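Provided herewith is a single structure, encoded as structure tokens, for subsequent inquiry.
All chains are identified by letter, namely A, B, C and D, in their written order; residue positions are counted from 1 within each chain.
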């Protein structure tokens, strides 16, 4: 007769091996190595919680310190590679296969390890795809997660950075895997239960609180007058015209400038209450002035942001907070909101080609995707309508005879040249060469041109929705590509024609006086201004202070 | 309100002096720039990063100089230093009501390190000569790069230093200390630590800065006018030096064991010292009244 | 040369010097003159305590021995790079030392600096460079920063700096560079006692270093630029 | 470092050719200083660029062509010290410098 509970019995064997190390669910930090040795088996699929911000750093160190003779050929399935230990496990021969989403800080080293044959990559996913695979064919056997606090029963309080924890634990626990949590503190009663104790097998108090990266703090002092100009164009030429109310912003200085112009420039245009009311967004400190000015009605977040805790607690009408007052931020749900519920995504990129494909890939680095491709893609499964979505859909289909439907606004916002005179517009993305060097199936395109609705540069806005045909689209892109080789190679007459038709719009076409584009227009020019705007509730990390 | 911190040296100077009164000496069009930078394939500036000239403050004639931190961190090279020394010596001839130094400098410019070091020494001698001639020299320090190295010493040779909280004043910059002594000695990325060690508020409480103002050109102007109205002939007598000597001895005795600025503020008897960095300037001044070293 | 040997050589008629670790002070006899001596050895870092102590010696000399010449024999690798010194306002202590030396000068004390071992950056600024004149032994070292460190900070290739420094005195370490640029009045060699006696008898005046830098073709701009700023009509 | 010189003819005279020079910008990373001076060039205009970023002459040419299409000044010398500013920043500074020059020199 076929055995239907091999995973359960295997789980029981692992737990039995670990039993001597624990009374109840609590394991001492000193026994963490022994615990992992007891529960891990070669070839296991392991999820080591690596988020954008919160890191299971203690468990990462312990895992990376294991003896590869005992534990080897692990298959790591985790969304972010942030810490050196996330790659040490491959270098030491503890793990050999990897499925992931984003590897920003470790991208260069990852490329080297791959080239050296020290790991194989299953696939590079977006967050939602990887989470989806947790529930299909990449379910973790062992999950190593991080939380703020636990009680003796194993109930976890994640703290405001909930991030991936619920998804990882749910996938692991309900497929008879083992969940181990590192926590900053053991308490009698957790402030709220983010993960029920019944889903957690072991908790370890880590010697140091887990590391959190302040990833979404942009110092307004570094916003340039060019970025102010571009933000003015976005507000007047896109947000106002499409009445954008449900949106997601990227994390760059360009979009921070938009956030900081809402209480000043957008207010002057009479747009309060008309745009930017609902956000899928990490709690950006740069959004504080807009919240205080009454622009923002709700913000749901992928994760929290260091220093924003007290401010969030004091603004429960805006943020999603628990009965304890702190934020809950579930990345999977916010990604779903970003993809399906938002009418607009706007973000920056490194390179855009002539069809509007954009990529942040650079040679020698395998950085992955994170969530941007899901945010920055038309949700073709969407059915509910909104004025923004309908208008974009009309513009894209008008006169084409296609079945009417709506479309998401996907805006790419770039200066034509980056630092060191690197052009943002190119004939061919570096992604092609990277794909070839790294043996990828496809070039790592972040946002496909067919999804892009607008490109904004300091030279103007190109509305790709209105373009008819490849030729027109190419000239529209060249027409805002400034003095880059791509821009200089424009057909001047075609571009002027596009301008006459409103497909390309310069600042002056939008009624924007460039001389007005100064930093004085920013609602906050320093991090301290943000603290002031928050009424002293925002407590920025020390690296962002100059007081 | 126009930020002093964000403004260029030229904007600061024009905003500080009475409107329309500033006359520049050796302006950019004179093209007196550094020959040494060119030789090292490094871009030069037409004014070598310092603007010098004369103007009026509160209707009184002053000589003024402003260092541009955006150009090589305001560092002193041969020409830059000679312009400042020349201006100070001009004061000996013109006898203005005061000399104003809008400092912003990382110290000596390494590309011309020897010329820069000697130039700072000449600036120091010239400052003391001007003061000995009865002309006060006032320093304003609120730029992004702070005031370090030789200019940090030179600033303290003057009659008074006015700072904003954002301004910094010291000798070795945090990056230099971190590089030579290690990150345990001074973590230059810990900006809160950097500012409470070197920033305007601590300098004010320590008595290194005579005044502290909010970050606005107008606030610096008001402070400079205040100094000018109350100005007395500089006192460089033995008695004055002995008084300063006792004051500095006292500082070593009282605070020599302190590990952090907050310890010093606590020993000054200031309540909730850890909260000082968050206070706006008027509130800060009120809270620390009569508590300064 | 160590400090003892130096003092014996400078003061064959005798000197009374108290050594306290790296710091020393006392007097020496030159002809019929008594000279106050103030110095350090071992290439010390100058921190707040040392700067304060040196300033105290200068003040004592001014108060108790009007007109007595002061000889600075400071051997320093620069200001002490520490958080504590910055916390206490080391630049203020350095400035105080400078002001005291300037006071002595104005009160008629000859002040003479002799770089006999090494002089670096801020330590040099607040001591010997503030004297009426600064002299050096030919094998002494003067610098702001060595070339490898300078190359790292400025991102200019070391080979480039080394090549340029062969005939350009403007940035490379070296006592001869400082002589050419006017900061070192002269080298003392041979009979150091005679050198000291001559220096003590030479006339003093305003800061002439720029003029010397021009004459010696080490600093071609400083003199002219300062003169123009001082005298150009506006 | 590279020095580039551009000459333009057929500009319009800028009123009152004895205006004081105007300077805007700072010689810092990603930035530049632009000095505008009245200069008798027999009706021509000249731009002298010293730049730390080498190999961008065609881009300078295009940026300056557009600038002259906008302003068409004559008898003017424009001197630039550049530390790798992007064309957007260069165009902005050029416009600011012309404005300051026409306003009488103050930056």
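Basically, a residue touches a chain if its C-beta (ideal position, glycine included) is under 8 Å from a C-beta of that chain, and two chains touch if they have at least 3 such contacts.
Only a predicted model underlies this, so the values are computations on that prediction, with no experimental measurement involved.
Set against the C-alpha centre of subunit D, every other chain centre is closer than that of C. Each of A-B and B-C has its own count of C-beta contacts, and the greater count is at B-C.
Put simply, the chain closest to the centre of the protein, by Cα centroids, is B. Inter-chain centre distance (subunit A to subunit C, centres taken as mean C-alpha positions): 58 Å. If each chain is reduced to the centroid of its CA atoms, subunit C and subunit D end up 46 Å from each other. Computed centre separation for the pair subunit B/subunit C is 24 angstrom, with centres defined by C-alpha atoms. The touch graph of these protein chains has some other shape, matching none of line, ring, star or complete. A complete list of chain pairs in contact reads A-B, A-D, B-C, B-D. Across the complex, subunit B is touched by residues 48-49, 52, 55-56, 59, 62-63, 79, 81-96, 98-100, 102-103, 106-107, 121-122, 124-126, 129-130, 143-145, 150, 153-154, 156, 160-161, 164, 168-172, 177-178, 181-183, 206-207, 209-210, 213, 219-223, 225-232, 234 of subunit C.
For subunit B in complex with subunit D, the residues that touch the partner chain are 8, 10-11, 14, 27-29, 31, 38, 41-47, 49, 68, 70-71.
The touching residues of subunit A, when paired with subunit D in their complex, are 224-226, 415-421, 458-459, 482-483, 488, 514-515. The touching residues of subunit A, when paired with subunit B in their complex, are 221, 519, 525-526, 531, 536, 542-547.
Those residues of subunit D that touch subunit A in the shared complex are 30, 53, 56, 58-59, 62-63, 84, 86-89, 92, 95, 99.
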